[in-house]
Amino acid sequence: MENSFILYSLLILFLPLLAFVIQIFFGKRLPREGDWVSIGAISITLILAITMFVKMLLVGDPEFKHEASIVWLDMGAFTISLGFLVDNITIIMLLIVALISTCTHIFSTEYLKGDIRYSRYFGYLGLFTFSMNGIVLANNLMSMYMFWELVGVSSYLLIGHWFEKDSAADASKKAFLTNRVGDIGFFIGIMLIYSAVGSFAFTDVFDGVASGMIAGTTLTFAGVGLFMGAMGKSSQFPLHIWLPDAMEGPTPVSALMHAATMVAAGVYLTVRIFPILTPDALLVVAYVGGFTALFAASIAITQTDIKKVLAYSTVSQLGYMILAVGTGVYTAAFFHLLTHAMFKANLFYGSGSVIHSMHHALHEKHDHETDPQDMHNMGGFKDKMPITYWSMLISTMAIAGVPLFSGFLSKDAILAGTLSFAQHHPEHLLLPLFGFGAALMTAFYMFRMIFLTFHGEPKMPELIDDIHESPKEMTGPIVLLGTLSVYIWYTLPNNLSPMSSYGWFNPKLDNHNFKGGLVHPIDSSVPGSISALEIAEHAHHAHHMAMYISIAVAAIGIFLSWFIYIKKGLSVNALAERAGFLYRWSFNKYYFDENYNKYLYQPTLRLADKVSWLDWELYDKYFINGFGRLTNWASKVTGKFDFDVIDQLLVDGTGKIANLIGRKFKGVQTGKLQNYVLYVAAGVIILMVIQSF
Amino acid sequence: MDYILSWLIWLPVIGMVAIAFIPRDKEVLIKQSAAVTTGLQFVLTLVLWNNFDSKDGSMQFKEWAEWIPSFNISYYLGVDGLSLPMVILTGMLFFIGVFVSWNIKKAVKGYFALFLLLNTGVMGVFLSLDFFLFYIFWEVMLLPMYFLIGMWGGPQREYAAIKFFLYTLFGSVLMLIGILGLYFSCGKTFDILELTRVAPEALSSIMWWGMSAIKVIWILLFIGFAIKVPVFPFHTWLPLAHVEAPTAVSVLLAGILLKLGVYGIIRVNYGLMPDGVYWFSYALAFLGLINVVWGGLCALAQKDLKKLVAYSSVNHMGYSLIGMAAVVAAGEAHGANLKAAQAGLGGAVFQMFNHGTISAMLFILVGVIYERAHHREIEGFGGLASQMPVYTGVTAVAFFAGLGLPGLSGFISEAMCFIGAFPVYKGIVIASTIGILLNAAYFLWAFQRIFFGELNEKYNDLPEINRLELFTVIPLLVVTLFLGIYPAPYLDIISSTMDTIIEHVVSMATYASM
Amino acid sequence: MAEMLFWLIAALTIASAAMVVLNNQLLYSAIALLFTLFGVAGLYIYLWADFIAGVQLLVYIGGINVLIIFGIMLTNRISSIRLSQTNVQQGVGGVVSFWLLILVSMVITKTPWYQTTSAEPSSTVREVGTLLMTKYILPFEAISLLLLGALIGAALLSREAS
Amino acid sequence: MDQLNNYLFISAILFSLGVFGVMTRRNGIAVLMGVELILNSANLNFVAFSRFGGMNLDGHIFGLIVIVLAAAEAAVALAIVINIYNNLNTINVDEASTMKE
């Protein structure tokens, strides 16, 4: 049993990588550019993931857990082991990744038909799936960090798929760099933990925290550091700027990575490390998440690009999950991650379907100016694209929190958590307000999107005849995921009530014990922190109240949307006029990009220029070369002395004297050998004569 | 296996002599001889690796012969886990370097003769265990380098060559003084192993000008080595020399010659002056931080691709310095944290090797594009990704290796340096993690400007990277990838030696107040 | 008998030496030199130096003298010019040489030379050979190198300028 | 005949004649012959001192080396003379004075 889980995990991890390698090296030469290789590989992982899921259900043990690891790097005392941690959360995540990835692969065959880098695109999808599975399976911080970065790279490559567009190239770079900012925190967190605990493995870290090897402020900082990684990946304020830009990538990619899986990795990380987060760290998490939820939703209200709306909605929903972790109900966060993956991926597929259709229609009209993603060019597509419409409507209701749909359950769980948290800590009343406010706005802008796109009169009537439903490869995943946005899948097999989130993914609290469900909260490892059980109990009590409020705000939001966009009871423009700077701020995303550019990027670049100038023009040219000049000057001085005094006066003087003498005695030098010999002999005689006296 | 080290050192000289006898117009034959010589040497390094006992942290394959007995100078060679990877890297890069310089047009004979002489010098430095011999080889490297830059370089080659020469000579002089200081204060011997045993004790009792001899000699030798590394503020020769040097020489300069500095510090400064390590470690880590940040910022500002890569070397060697400083973690003062010391020192040594392969790759790739476009202005390209997909792919991997992507070797060594140094230098390490971001920023920005966007009209007939060039890059790529996925073979080689060094530094330090 | 022969040889040597330096006919000088060398060889025999005498005959007479005659032949056009030459400064030269002789003779007669008697050896070849291979091996090698150098040098100097 | 001085006188006469020859002859080859006389006189002295100094064979070795040296000298000198002749068409040493100022 154990072996099969690890074996399956290995296969699930490496099959997409294999597909990646094949695609990169041989993709172009294979028939159909090899998309069947990728689809085949990913389908196998899906089957394996389903098998694992079923096996897990058969075991039915919330404490179910397998670990396997190998020593990867061994220096003697310093070792790094890489390994798998397979538990229920892992398996569910694997299933999500495999499912959405498979859908994306199939969807892409049609969406990217004829693209010049078709095979490479599929290769990158494989790389992404590999890395994402790596994050999910990691049993230690180090391998998580490594896959974390690899996910960043695959994101970089896929966002930059159409790199001829400057905006796409910019967006890919921005995504990577923004993520790196978060990763710095992640790495510092890892170092803090490692230097205290001496291991990267989660189990060791939890034990270490429980035994007080790392505690207090250090632990808080470590937790916040790790959370920074999550902020980057899950696009939390203030690192949220990259996700909307990432919509430059192909829409299926947005569905897979920037809605369902990759961005959820941050949430997954915080869920994994929940036991080591101190109350202070959790507060930071909660406030960041809550604020992001509200803040992103307020931007989504005014966006006109259909994908931008969805992007900000994703940021907002991720904020929700982070908020849930921060308030302690991390099972709810995970539950929302699951439901959100389904309906948000579906919404992206739907928007992809619409954009695809728009694109074709515009192409027919030879119109390359009009933006196919702008909702102001759509409208009235309901009858033209019924499958897309109905499926998207279901997902929209799910995200808006309408009962009978999956989002209602998970959102309710989160809101209940925040509410109970506020009941116990009244000073943090802001948190549920964030939550409910965001819920209201979500309902509003999502239905605004539906109404603008599918209802009303076509804004470009000349196009409407060319708008068609997308082919089966695209509608298939849409229908599937639309189906999965209905509540019933998530409450099986334990209850059928659409009002109770108790089910597979959310345990029932019965007499201070968790019953059923696959994911049970683990108590915090931090000594003295409140236990997960207590939090869950509180949330349980707040459940009903949260449910009523959330139904109410959803209803208000939908009504407002209907009133403004269908009934036209209020003029949009007048409203925008009235809102004044609020509207402008929201529409311009609070000028974040502009301000970052002005106060962060440009100063950094200027600093770099200054430093480089300092280094090259000043330090090198004047200081270093100054030594050269100094030496040069000194050598000139000594050279002058050398020539004038030593050479000219002393040396040449000697020479001149010798010359003078030489000229005087020149006559002796006859050049005749005989004379010389004579001189020699005479000299000898003279010497002998002198000697003899 | 007898005399294998001597073979390694003198084989290039044999090749050089052979080349001297080939008529200068038989260029292909000259190139082939150089390739055969370096290839043979590379194979020998692999044989050496195969016969190396990685469990043994001491010197192996020792060769000793009397040379100048009156000054106690001998011909003494040996290899351990610190030098073996560098020896292999040297063999590999010189072999590749021959193919990188395959298209040299000017004075082929002289070029390859000098190239092989340089090879001897480098190999000699890594293998000599006699300080005098070490110094001789150190100087032997200098001369061919001067001519290689000065004659085959770019437009400013003479200025660059002179600057390189004087800069390094300055360091060598200081080093010579340091060596002589050691010689006269430690029982008149040049034997490094003997000095390693004797010097820590002998030096600690000597004072010069009111300063401990350890400090004086440490500083002298450190500056000598720091210029090679290069450590800020001794780094400005590097961008110039790199930019002006021909591609193969840049490759060797970045790939091997910079490593000599780090190698020297670990072999000599660490071995001979453990007390100095404690005294200087904070400064070392701090210099590493400056290298990381300064090099990163300078790289970000560069307009010339080769200069960017050159500054990235400054940046990357900073990680090595930070990691090296971590060795003190194993001392009592820092809680005998052997894990950190191993991670740090191992990371530093690993980083040496990785930077060797990665920067070599980067310089080769810059050379490829320069040969085609005849300029290196980053802004001057654009959209090459669609024109040269293979080149783009290879460059992408090289750049990602440079920015420390997991799965490629650079990441592991950087991470090890950080993790090792963290317990001792928390502030410095946290500050230098900004380097992770800067790395990514300058590499990705350059990548975007060169490869992304619309294709620059000028370059729509730029030829794809050819087989010869691929042949030079692919082995490095494979090594980078392999060590990134599975670093164990490398760490096996070094780990016993690292333990020996750490043990030595910790146990030999007298902790005398200096 | 031996006494008389000795003086005869001495006289021959000195007379022919005088011919060498005084005769205007170059070729005659060379022939006279031949006799001088013979005479010296004979004196060597009286000095019990049989090996040296042999070498004198072989090298001087067989080698050097022949070489000199070759030189004379090569540097004079036999057909056109008489093989003669003129002398210079014979007067002052003669005086100086004479005084030199007088002074040297004075030195010879005045100096109390160290002398011992010893038995006549049967042959010196073995001893000289042994000495050459043992005590004087280095000079021996050096002189052979010198010879080689002279050989190459002579060949180089006298080759046709190309 | 077994008087040292006899030999020395013979040697001295040979030497004087040799010096005279070197001083007075113009022809290069003739000068060379004078030099040979000088060398022979020296050799005679060596061997004579050897004979009357206890039959120490060192003198013989000296003589031997001088002979070899003479051979080398003669070879080189003649080569030079021939060279001079080729260049200047004379072998009179006082005419070969182009080195003179």
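By written order: A, B, C and D. Residues from 1 in each chain.
Following the convention adopted for this analysis, a residue touches a chain if its C-beta (ideal position, glycine included) is under 8 Å from a C-beta of that chain, and two chains touch if they have at least 3 such contacts.
Note that the structure is predicted; figures quoted are calculated from it, not measured.
Participant: Quick one: which chains contact subunit B and subunit D both?
Facilitator: A
Participant: In terms of Cα-based centroids, which chain occupies the most central position?
Facilitator: Going by the distance between chain centres and the overall C-alpha centre, it is B.
Participant: Count the touching C-beta pairs: is A-D or C-D ahead?
Facilitator: C-D
Participant: Rounded to the nearest whole Å, what is the centre-to-centre distance of subunit A and subunit D, using the mean of the C-alpha atoms as each centre?
Facilitator: Between these chains, centre-to-centre, one finds 101 Å.
Participant: Using mean CA coordinates as chain centres, what's the gap between subunit B and subunit C in Å?
Facilitator: 71
Participant: Cα centroid separation between subunit C and subunit D, in whole Å?
Facilitator: Comparing mean C-alpha positions, subunit D is 6 Å from subunit C.
Participant: For subunit A and subunit B, let me know how many angstrom lie between their CA-based centres, rounded off.
Facilitator: 34
Participant: Of all residues in subunit C, which are in touch with two or more distinct other chains?
Facilitator: Within subunit C, the residues that touch at least two other chains are 88-89, 93, 96-97, 100.
Participant: Quick one: which residues in subunit A touch 2 or more of the other chains?
Facilitator: Within subunit A, the residues that touch at least two other chains are 672, 674, 678, 681.
Participant: Quick check on subunit D: which residues sit in contact with 2+ other chains?
Facilitator: Within subunit D, residues 19, 23-26, 94 contact more than one other chain.
Participant: Among the chains present, which pairs are found to touch?
Facilitator: The complete list of chain pairs in contact reads A-B, A-C, A-D, C-D.
Participant: Which of the residues in subunit A end up touching subunit D in this complex?
Facilitator: By the definition above, subunit A touches subunit D via 666, 669-674, 677-678, 681.
Participant: Within the complex, which stretch of subunit B touches subunit A?
Facilitator: 163, 166-167, 233, 236-237, 239-240, 294, 297-298, 300-302, 337-340, 342-343, 346, 383, 385-386, 393, 400, 405-407, 411-412, 415-416, 418-420, 422-423, 429-430, 433-434, 436-437, 440-441, 444-445, 448, 451-455, 486-488, 491, 495, 498-499
Participant: List the residues on subunit D that touch subunit A in their complex, please.
Facilitator: Those in contact with subunit A are residues 19, 22-26, 31, 93-94, 97, 99-101.
Participant: Hey, which residues of subunit D end up touching subunit C in the complex?
Facilitator: Against subunit C, the touching part of subunit D is residues 1, 4-10, 12-21, 23-30, 32-34, 36-37, 40, 43-44, 47-48, 50-55, 57-58, 60-61, 63-65, 67-76, 78-83, 85-86, 91-92, 94.
Participant: Over in the complex, which subunit C residues touch subunit A? Could you list them?
Facilitator: Interface residues on the subunit C side: 88-89, 92-93, 96-97, 99-100, 103, 106-107.
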